[in-house]
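Presented sequentially are two complexes of chain A, the first with chain B as partner and the second with chain C.
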Partner chain A sequence: MEKQIRRKDGSLKSVSYAKWGFIFIAPFFLVYIVFTLIPQFLTLYNSFFENYRDGLKQIGPNFVGLDNYKELFSPDGNGTILVLRYTLNTLIMWLLGAIPQFVIAMLLAIFFTSYRLKIKGQGFFKSVIYMPNLIMAAAFSMLFFTLFDMTGPIHYVLVENGIIDASFDFFSNRVTVRSLIALMNFLMWFGNTTIVLMAGIMGIDQSLFESATIDGANPVQVFFRVTFPLLMPIFVYCLITAMIGGIQMYDVPQVLTKGNGSPNGLSKTLVMYLNSYFGPSKNYGMAGALSVYIFVITGSLGFFVYKRLSAPYKDSARKHRRRKGDVI
Partner chain B sequence: MSKQSGAVNRKRGLSDNTKGMVKLTALRVIVYAILIFLSFLCLFFFYLMIINASRTHADLQKGFTLLPGGNFIQNLVNAWNDASINIPRGMLNSLIIALATAVLTTYFSALTAYGIHAYDFRGKKLVFTFILAVMMIPSQVSAVGFVQLMNKMGLHDSYIPLIVPGIAAPVVFFYMKQYMESVLPLDLVAAARVDGSGEFRTFNTIVLPLLKPAIAVQMIFSFVSSWNNYFIPALLLDKPEKKTVPIMIAQLRSADYSKFDMGKVFMFILLAILPVMIVYIILSKSIIKGITAGSVKG
Partner chain C sequence: MKKLIVILLAAVMLLSIVGCAGQGGTQPAAEQGKVFNIYAWNEEFKGFFEKYYTVPEGVTVNWIINPSDNGVYQQKLDEALLNQANASADEKIDMFLAEADYIGKYVDSEYTMDVTSFGFKNADTMYDYTIKAASDSNGVCKGVSFQCCPAAVIYRKSIAKDVLGTDVPEEVQAQIDTWEKFDAVAAQAKEKGYYMTASFAETFRAFSNNCTMPWVDKDNKLQFDPQITAWMDQTEKYIANGYTLTAGVWDAEKTNQMFKDGKTMCFFGPAWYYNFCMTNAQDKENGCVGDWCIVKGPQAYFWGGTWLLAATGSDNTDMLKDIFETFTTNEDVCSKLVENENQYPNNTKVVEKYAKDESYGNTAILDGQNDIAVFAELAKDIKWENHTNYDQLLNEGLQNKLQEFYKGSVDKETAMKNFYQYVKETYATITVPEN
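What follows is the complex of A and B.
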């Protein structure tokens, strides 16, 4: 309030400063327009054109309307609609990693914040579980490949102990490939989720826990009746950002399966599919249509994140203060 | 209430209490077991990597051990001097790109955030809403247009498309904006103005130093994500001497890797993640503080 009044006094002054706001945000927008916005429109534009390379011959670009989209959703020789299969693959592998990720992160967040348990060495545990998040996904995946490959040490130990057959290949079995990818995603993300959820729990007013305990609630009741409902906004935010990250899953399965999504494309993700159109065929038309499809899925999920983030900034300052004060 | 029942109650209370203590201890044991197991899981694969990077190819073929071998230096020399995968060059390339990106991203995100935080101008709300709305759009969905446009601009095999887009980083912007709200009083800016400081000077000499913790955290994150970035660089960089580390690691996988010296392969992977590991070991405390701070407000 005070600031505004002061500005009103010397209205000339505030006008001359407004220009600096524009100058300061100009580089961001300039770069955003050139490197993101224009490419986005170009991608959309491409999706309406036939534009690819057939051997040495360049086909197009010819306007074909919605043909690329039709082709994207039409079944291949075996009657499978590839884009849906890859969507399903992405979803399955994401869920396989995300379910344990959220369950364990929630548990750890409760452990770390519990004043009854008083966990020692929290700094160490947090550092360790967060570490895989910063590791290069491509290198992590390559490491898993070398360890689980038929000549690798883990394969060797499992054969020695008679757990698997010597001829067993982790990378030609649907279940093991998907599980390994999910395991890597789990390892890379559960630490991050733990820390975010923990921060969320610590943001909740401690007196609420105390009064619930005094009223005779047991720890399980406290969690389900107090902690979880108050943590809900942050939990949902985490979940949706994780989902958006899941849709972008690429590096790990790409390196692990050499880009072919073995076996039989059952570990191929949407972005791997997108990447395949950049290969020798340079099929920008189909890649464009696929990008739009991915954009629509992420966009609708992202809308929730946007809602969540913009909520504190909408409306009045009064609401803002209150929100800042309690849950967040 | 009679005396007797009171005593019974007290007795029951006591036994409840000891039961509670036993329960709590048991719970603690389980919790520590879970934590140790998860920590083990996080470290185990990297431990194996380091062990295997210290063994010879012949040793690795023979089987499995949890003890280091004596071939670490030799593997390092072999990997470093490999003819087909020029890892020192790749590391240098990645370092240049990641450092430049980290500096540009943090500086310009702070600048943009300051532009919106400290000034009132028309359409400010709209600008802010726009940045929030586009925050979650992944770079992959504009890759087709991006690659086309960069090729047209003659920027294939150039680092400009990998560095400059860092200037427009909505997520970092949002973090900076949040941080400014909690640490940057606008009176300070007004005072600097009274003292005759220009707007850019105020930002560079007064605002930036106040943002140091936020800048440090975001520099680390943008460095790491640029160092690890694989999708877009792989689409733009073709010349072998331009390639970055993740591309080389992926190449390792697509080459006929049975021909490789396995000790060397493990060493390549170790080298790829080593810089980030070192930074993390030194700074893990502030990194974790940084995510915590960023997430509570989010």
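What follows is the complex of A and C.
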């Protein structure tokens, strides 16, 4: 944006308003570079070094090439490649929570925005479903731990009613521990997703719904032919942010299983694994290699989801533009 | 444009200066500091400190408390110690607490200082092992312990009466003075519907503190002492036979067994165990104060202990000396620790006084038995040997990984391999047995 102003002596002075734009976005980029970009490169750099602590003595940093990566992908004593197991754990637990999260959030978003239902007390319901997100994840997890522990009320009630055996431990069973973690993530996040999806739906022109109804479309058709395609950009955004959050899952399983990822590491997530290298040995090398792996996983999954889900939408947008041009 | 950036940067710098100002700039080097920083992992010693030590006027005491679980305390402490040289006088750690399981790591480093450098002398009344634990490989002592931790079997009298037909300490001791006898009593208890212990790890310390070799050998290779394997065998049997529970040693499931309606006969612990682990037994409504006695049990051992270490760089050396003296040589304070706090102090003179005193008895939790007399006998045998800096997390890790086996989620082999993997992740320097 340049504008020329003629000075009194007749010369031209150009005034650029673009600089204000740069100034306003500069703080973000500065913060991003200092606190995200540089650390990212440092992580990559660190992953090539042997660098840890033995007691209060520092070992390294010594350059070891790709040794940390080799170590990361070599099987443990039981023949399991742990990093892959933990990746799978993370994805399973995320999916267990994310599928109901998106289905329920979508349903609620449609109910709340429907001009036919006109649900009363929306503000109240929206606040209530958002509430679990306001609690600190660790506190929420502690609450569940107390409820489902061997000495907790739920365990007690279920034993009293003969539903489970007295020796049944929710945290030693793969299915229950993973389900509990997924349930917590679901409870914490479905409200948030509902709000974002609602905003997305409200951004769609109401007349489209009306005309579809007049044309005889039933609610299901309206949803699949009108609402969902137009909601796609917001939906993809929600899905990708939820996925990134899911891959970084840490506090809920950490607190629930006291950092053990019991049973047999089947509820241990990637970030919990990362944390175990940051115990007393402060192993920057291994933690760096693992972080790079998590970055690659997140990046490629994000890219894949984005490509798959937004490709049809992009096509239709292009077609839409072309048709407009035809008319002219 | 440039001007604006300059102004922005200046503003940011100004803000950060204002932000830091509160944290106290460097003070002129005074004789003694005005701020005394103590690192600890719980409130136990803080309570005694606040009751029995008078802080010199004008000195502020800061407690920095981080939980011990998963090594959090050690990590926070390490960070602070490594930064000790750069910290301002009032920010420096003056004193920190350390447990038996990792005290060596700090004693054998430059981050702790010789107690004689500020005029403290170890007294004859202190237990030798407490001095040895706080001394580095050259014998330089870096701190003191305010307690001595001989540990015993703490049994429920009513259950012992039911199972053994007697609740008199001498007679109970005679029936459980070897592990074979202890196992036999466990079977008897089971028949009567009781548990022998309430946690698979309850007897761990009785074995592990009698080890004849450390967790790692000279080449930092992980090794299992016969005592550790004996514990593993015993526990496996106890779980299989239903003599004990699968709860961890700190779990609520275990401590709930100390209520009046608990079904467990024996607990293993030293004097600090009363206040620290047995609050359920002291519960006004559901507790069972007075239904307890202590005996030596199958094997004498000690458990834990809290040492006070002097941090290098402290500017409050007078106060350090004063604190050390208060909690070791001050007989008045040591007596109060016994009478009011159920502690077993690190002062043989005070201990003897109570051990011989017929009128003394512990009624806070026991039936009036003179527990000091029992502990005094046990304390004579405590030796400080075969410790490594890795003990805390190796002990914890072994228990956690085996617990999964006892709960039935993995087989024993997998549990052991998970333990090796845990060791590898936790301590990069330790070599674990080959697959």
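Here is the rule we use: the second predicted complex is superposed on the first by the 253 of 328 C-alpha atoms of A that agree within 3 Å, B and C clash if a C-alpha of one lies under 4 Å from a C-alpha of the other, contacts with A are read in each partner's own complex, and residues count from 1 in each chain.
One rule holds for everything that comes next: contacts are C-beta pairs under 8 Å (C-beta built on N, C-alpha and C of every residue); 3 or more make two chains touch, one makes a residue touch a chain.
Keep in mind that what you see is a predicted model, and the values were worked out from it rather than measured.
Asker: A:151 contacts which: chain B (first), chain C (second), both, neither?
Answerer: In the superposition, A:151 touches chain B and chain C alike.
Asker: Under the stated touch criterion, which partner chain does A:98 make contact with: chain B (first), chain C (second), both, or neither?
Answerer: neither
Asker: Should A:173 be classified as contacting the first partner (chain B), the second (chain C), both, or neither?
Answerer: In the superposition, A:173 contacts chain C only.
Asker: A:18 contacts which: chain B (first), chain C (second), both, neither?
Answerer: It touches chain B, and chain C stays clear.
Asker: Looking at the overlay, does A:259 come into contact with chain B only (first), chain C only (second), both, or neither?
Answerer: After superposing on A, A:259 lies in contact with both chain B and chain C.
Asker: Would you mind checking which one, chain B or chain C, touches more residues on chain A?
Answerer: Counted on chain A, the partner with more touching residues turns out to be B.
Asker: Classify the contacts of A:130 with the two partner chains as first (chain B alone), second (chain C alone), both, or neither.
Answerer: A:130 contacts chain B only, not chain C.
Asker: Looking at the overlay, does A:181 come into contact with chain B only (first), chain C only (second), both, or neither?
Answerer: Neither partner.
Asker: Applying the touch criterion given at the start, work out whether A:119 contacts chain B, chain C, both or neither, answering first, second, both or neither.
Answerer: A:119 contacts chain B only, not chain C.
Asker: By the touch definition at the top of the document, which applies to A:237: first (chain B), second (chain C), both, or neither?
Answerer: In the superposition, A:237 touches chain B alone.
Asker: Could you give the residue numbers on chain A that contact chain B in one complex and chain C in the other?
Answerer: 19, 23, 151, 258-259
Asker: Write out the stretch or stretches of chain C touching chain A in their complex.
Answerer: Contact set of chain C toward chain A: 1, 4, 69-71, 74-75, 78, 81-82, 105-106, 109, 111, 246-247, 251-253, 256, 389, 393, 400, 403-404, 407-410, 413-414, 416-418, 420-422, 425-429, 432, 435.
Asker: Report the residues of chain A in contact with chain B in the complex, numbered from low to high.
Answerer: Chain A reaches chain B through residues 3, 6-7, 14, 17-25, 27-29, 31-32, 35-36, 38-46, 104, 107-108, 111, 116-117, 119, 123-132, 134-140, 142-147, 151, 153-154, 156-157, 160, 187, 190-192, 195-196, 198-200, 202-203, 234, 237, 241, 244, 247-248, 250-251, 254-256, 258-259, 271, 274-275, 278, 284, 287-288, 291-292, 294-295, 298-299, 301-302, 305-306, 309-310, 313, 328.
Asker: Which residues of chain B touch chain A in the complex?
Answerer: Answer in residue numbers: 24, 27-28, 31-32, 34-35, 38-39, 41-43, 45-46, 48-49, 52, 60-61, 63-64, 108-109, 111-112, 114-116, 118-122, 124, 127-129, 131-149, 161, 164-165, 167-168, 173-174, 186, 190, 199, 203, 224, 227-228, 230-231, 235, 245-246, 249-250, 252-254, 258, 262, 265-266, 269, 272-273, 276-277, 280, 284-285, 287-288, 291-293, 295-298.
Asker: Going by the contact rule set out above, which residues of chain A touch chain C in the complex?
Answerer: 19, 23, 52-56, 59, 76-78, 82, 149-151, 167, 169, 172-174, 258-260, 262-265, 273, 276-277, 279-283, 286
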